[in-house]
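Next up: the structures, one after another.
What follows is chain A paired twice: with chain B in the first complex and chain C in the second.
Entry: the complex of A and B
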């Protein structure tokens, strides 16, 4: 052992290349409204909001071990928040977006108080029940339009070019914001706590991690992210109806994206969003068969590729765009290690790289 | 020249405004190029798109040698409900689309030039999010010239909002006008700029239903089943809904409150109706809910003398789900083969149109055969009267100026109770067994629109 040196690092070769590449992609994405068509912007909004939602679910499930199927509650609250602020409160709809996120985060606190008493599958069902309760509440509040919902007409009145560009930038903001948020959380001390909770909650608690506080933070942040994203989504869709805003489909969408992409990585949900988005664009006109195919892919991925597509790629080429894991490298001048250093990626392989978000 | 031919011509010439698939391909290429730092590729791409329309026109002229000067292809977007809980309303869609395509043939003459017409059909899946999404795709992606959408505020409202925000002329049908107009914050003094809608309203339904109740010998006690959704709330409205009219006419309301759609247990509601001795039941259930309610009512021995039910039993497949015990259920009739109108598109009378459907499909027709058919008539008529097909405002003006005798009756958007609306006739119908088909909707009450003849006599509920 004396001939070897141990090195602990986060950076990978990919992440060193990745940073300038990400900056270039981001610059192109930001400038898109200057050269892109309306359709490209609209497509961009759909894709970027999907990335943001997937990141938020991944933060919950992949890092804090909170398997929620009730995130549609916060998408819906965000949607209704932006609608109520813009239509009833006279707040400028773009300004209303982050406020809607804060409203969602505020609702997350009492929700957590209820659902955190439950664990695992019970927690999942509990979050779903709470989301349904929010939907039923909204339906019964006449001020919120009751079962009819309403239209965000104040956005519709903004000149089309301005509106399209602004909504696109907001979507880009939530997507980039979600990625950066997750990255920063994971690189912080709290991230280490989360990783330990994910691996073994009891052991983490035994080592002195305040599991409840860590999970609560993540839950509230995720609600904020989902609420803000929901607000942006409905600035694009323009019509808020309770069945749609609190639809279980939002959670299904997040889960599918994260499961096929790779749970517990930052890159996985981005890849998953690209795959799902591609499938949707190409196949969604096939109606029921499209849904059958999506279900089959999700089931196959869950059974045969538990780490998602990202896990598979990562096992092959250890490339991390967002280096959040510490890797132990053995400098092997003396003894030959079992394999080449790059293919020996510590405990379990997570995270890797390629080119995400090509059109922004 | 068929649609696919013209599409092919354009694709070969690469002049088509990007279709979604092509867009994806190019986005992929652009993405790859971007990797090498080539943002310029994106610029080139979007320029090609903008010049596409003119180029297509020339290519079409050379491809088709007809006497008239050929114009570019005109696209009509259509957001309908092919799947989902409300899909039975869309049963005649394919039939009507084929009929419209046949009637248009190789093109419509619009301001002196002959334009091939294509329909781009999108499934809303009976879901408001999806409806908004596909309407947006049609506007920015497929770049349609005119939009059609139909059936229920769940679909019509989001599509109308998208059209209104993006300057797209819209022909909408199949949702009570109050839900469509006021549900979208409409101001009667101003109206909307781009979206136009035809259908009847809550007041017509009230007139038809109360007319039907008066035909039965009852104790005038009415149990109501109005769900908590846009249509249900409009019916239950204490000012513009059923309650004030029912009060005036001496009907007593037993209202268990707004229930939620897709409720599976109606036993407490049924008990209340029984306890209050309701002899009439009315409501506005959705199609999957009524059979559930009805079978539970039978199990609990609740047998009202008259039932007028909106939405849930509008079309024949719904009655097949209800079964034999539904003989004599009443509903509003939007359209029947005995209506005295003629299609401006095919020249068919209502009877001929119903016959055409029955001959081809081997089943009885739906009321939506007339309703959706009228939407095609309005859209095509508006395109014919358009003066500048490349100006959406010109198409919008043509839609706005519609004054057409359709298979559904007269449609004129300047005659409605509020701007952008044209009301269509509504009469009282009853589902009866034993005709040519297992179920037929017989017009038993025409008080609200006497020029539409009755087609049969009322039978007691249960046959």
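Entry: the complex of A and C
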């Protein structure tokens, strides 16, 4: 008799199309070393590590509200971690990659202990100061190569084809791993806590969310991701230097990518990475003008288009490729969609209401 | 005696840091904005002075008046035309906008002026010093810097405490909405605050250019030193910022004395120590709920 049935679902039409598409893209990406050139692989590493770093910054800022300008600390620690493990410790360079990530995560704990005392913009500069401290410490420690750094020679002993393919796959691993990690976190109970912190920290705390613990977890995970990615980046570059490894430009890279793509979504950083990377390639003959252009776009969109490009697209067409929200669908044959005012257009894609339900 | 000299040089250096920090502190107080481009904007002033000094053939000290005016006008336009739209309870838009601005200015300066170091030549005053003992001498230029800093901070304090506009600043700082209800035009006020803040930091930028050589990449370090001076001294305290800058300067000169590579690092470590022991800073204004 009842014309209405409530259906709770996560899938969107886009995600149903998106999953097979993602599998095809992934298959092409995985097989790239079999058919692609050495240059293409190197370019691939640059792009994929950008995706990974952007996801990590987005996890921090977009979900936990931690606006860090100091993630270069963990990129640098990852880079130096892989270098020290491979050159000084005799660990196989590829095995050293995740260990370097763990080292970065370990350094994130005391860093959080200091910087979590600060709020908002002061937190941002505080993380930056800590990154500077790490850079200056590395410069002053002769064992780490001092100001001139060092080369990762052990990886050079591996045959070039094998090495390039392996580094590429590692980069693909960190990029996919970062996306999957963020997706799984957001779909978990902890992710729900994070979303509530993002929306209203005081209310979240009032409902029993341990905001400090949630933020600490995110901070440490993000450091792990940045450290692992930094290790992969420097296996590609083969030399580490404190100025480069702890450069503020890493933060610029992640922040601009996320802001242009869309803060607080999984798709945004991927889209942002495509735009950033595209502009970087197109303007590669014009020195650092690409940073001037991208910086201008990012600063403008941070003020006038806070949801980024993905937000704009998503508002127009419901496109969630990685649906993390649960939506209530009114399965209403008796109720044509037109009688229901479009209260939440983003939560309710047109047409899905009359789609045949299999589990209803 | 060498140590005493370090302390004196550090205190003099602190005068410059306080000059960098005053504007940062002012705009945070008035509109809760942390300007990540603060250091790069001071560098912009140094380059502006470089452009003015050459063709006009004047002493860099004289160029300060024109540079301050230019940068202050730029600050007003920047605030009213852009940053005012970013101000909201969530600090994210202003942080991202000023961070973007910082990177844009750095790379613009890099493309226009190249990465080569430049300097402003103020003549013999740069090297002349007041000799007190064999080991202690006070450079005229660092002394002028410190005196300028004190005068500027004093003037700022007077302006905030004694003028109608200063009262509006303090009112807005205490309660933005109530101030607005009393007829204060926030948009104009914020523009004015940014103009004053950047005007002060422009002085600091020109002094920096006279003191040492500079290149487009040194802006962020200026922001960090200014920020450390503010946090060490305590938020909202003008004279606390001066003392914070001096402590930072002393830590840096003593650190550099121990090992040339430790100067800046020692300053950072002092900042972190203050963060651990007195997170509100040494002279924080009583925080009201």
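Following the convention adopted for this analysis, the second predicted complex is superposed on the first by the 318 of 360 C-alpha atoms of A that agree within 3 Å, B and C clash if a C-alpha of one lies under 4 Å from a C-alpha of the other, contacts with A are read in each partner's own complex, and residues count from 1 in each chain.
Keep this in mind: a residue touches a chain if its C-beta (ideal position, glycine included) is under 8 Å from a C-beta of that chain, and two chains touch if they have at least 3 such contacts.
Note that this is a predicted model, so its numbers are computed, not measured.
Engineer: When the two structures are laid over each other on chain A, do chain B and chain C clash or fit?
Structural biologist: clash
Engineer: Give one of first, second, both or neither to describe whether A:237 is in contact with chain B, with chain C, with both, or with none.
Structural biologist: first
Engineer: Considering only touches as defined above, state whether A:30 meets chain B (first), chain C (second), both or neither.
Structural biologist: Neither partner.
Engineer: Applying the document's definition of touch, where does A:304 land relative to chain B and chain C: first, second, both, or neither?
Structural biologist: After superposition on chain A, A:304 lies in contact with chain C alone.
Engineer: Pick one for A:137: touches chain B only (first), chain C only (second), both, or neither.
Structural biologist: second
Engineer: Quick check on the superposed pair: does A:165 touch chain B, chain C, both, or neither? Answer first, second, both or neither.
Structural biologist: In the superposition, A:165 contacts neither chain B nor chain C.
Engineer: A:114 contacts which: chain B (first), chain C (second), both, neither?
Structural biologist: second
Engineer: State whether A:205 touches chain B only (first), chain C only (second), both chains, or neither.
Structural biologist: Neither partner.
Engineer: With the two structures laid over each other on chain A, which partner does A:129 touch: chain B (first), chain C (second), both, or neither?
Structural biologist: Once the two structures are laid over each other on A, A:129 reaches chain C alone.
Engineer: Who does A:61 touch here: chain B (first), chain C (second), both, or neither?
Structural biologist: A:61 sits against chain C, while chain B stays out of touch.
Engineer: Once the structures are lined up on chain A, find the stretch of chain B hitting chain C; candidates are 185-193, 203-211 or 293-301.
Structural biologist: Stretch 293-301 of chain B has C-alpha atoms clashing with chain C.
Engineer: Check chain A for residues that touch chain B in one structure and chain C in the other, and list them.
Structural biologist: 136, 139-140, 287-288
Engineer: Give the list of chain A residues in touch with chain C in this complex.
Structural biologist: 61, 65, 67, 69, 114, 117-122, 124-126, 128-130, 132-133, 136-137, 139-140, 248, 251-252, 255-256, 259, 263, 287-289, 291-292, 295-296, 298-300, 302-304, 306
Engineer: Quick check on the complex: what are the chain C residues that touch chain A?
Structural biologist: Within the complex, chain C touches chain A at residues 28, 32-34, 36, 82-83, 85-86, 91-101, 103-104, 107-108, 110-111, 220, 223-224, 227-228, 231, 259, 261-262, 264-265, 268-269, 271-272, 275-276, 279.
Engineer: Would you tell me which residues of chain B are touching chain A in their complex?
Structural biologist: For this pair, the touching residues of chain B are 18, 20-21, 23-24, 27-28, 30-32, 34-35, 37, 39, 42-43, 46, 49, 82-83, 122-123, 125, 127-129, 131-133, 136-137, 140-141, 143, 153-154, 157-158, 161-162, 164-167, 179, 183-185, 227-230, 232-233, 258, 260.
Engineer: Which stretch or stretches of chain A touch chain B in the complex?
Structural biologist: On the chain A side, the touching residues are 21, 24-25, 28, 31-32, 35-43, 46, 87, 136, 139-140, 146-153, 155-156, 160, 163, 236-239, 241, 243-245, 247, 249, 278, 281-282, 285, 287-288, 355, 358-359.
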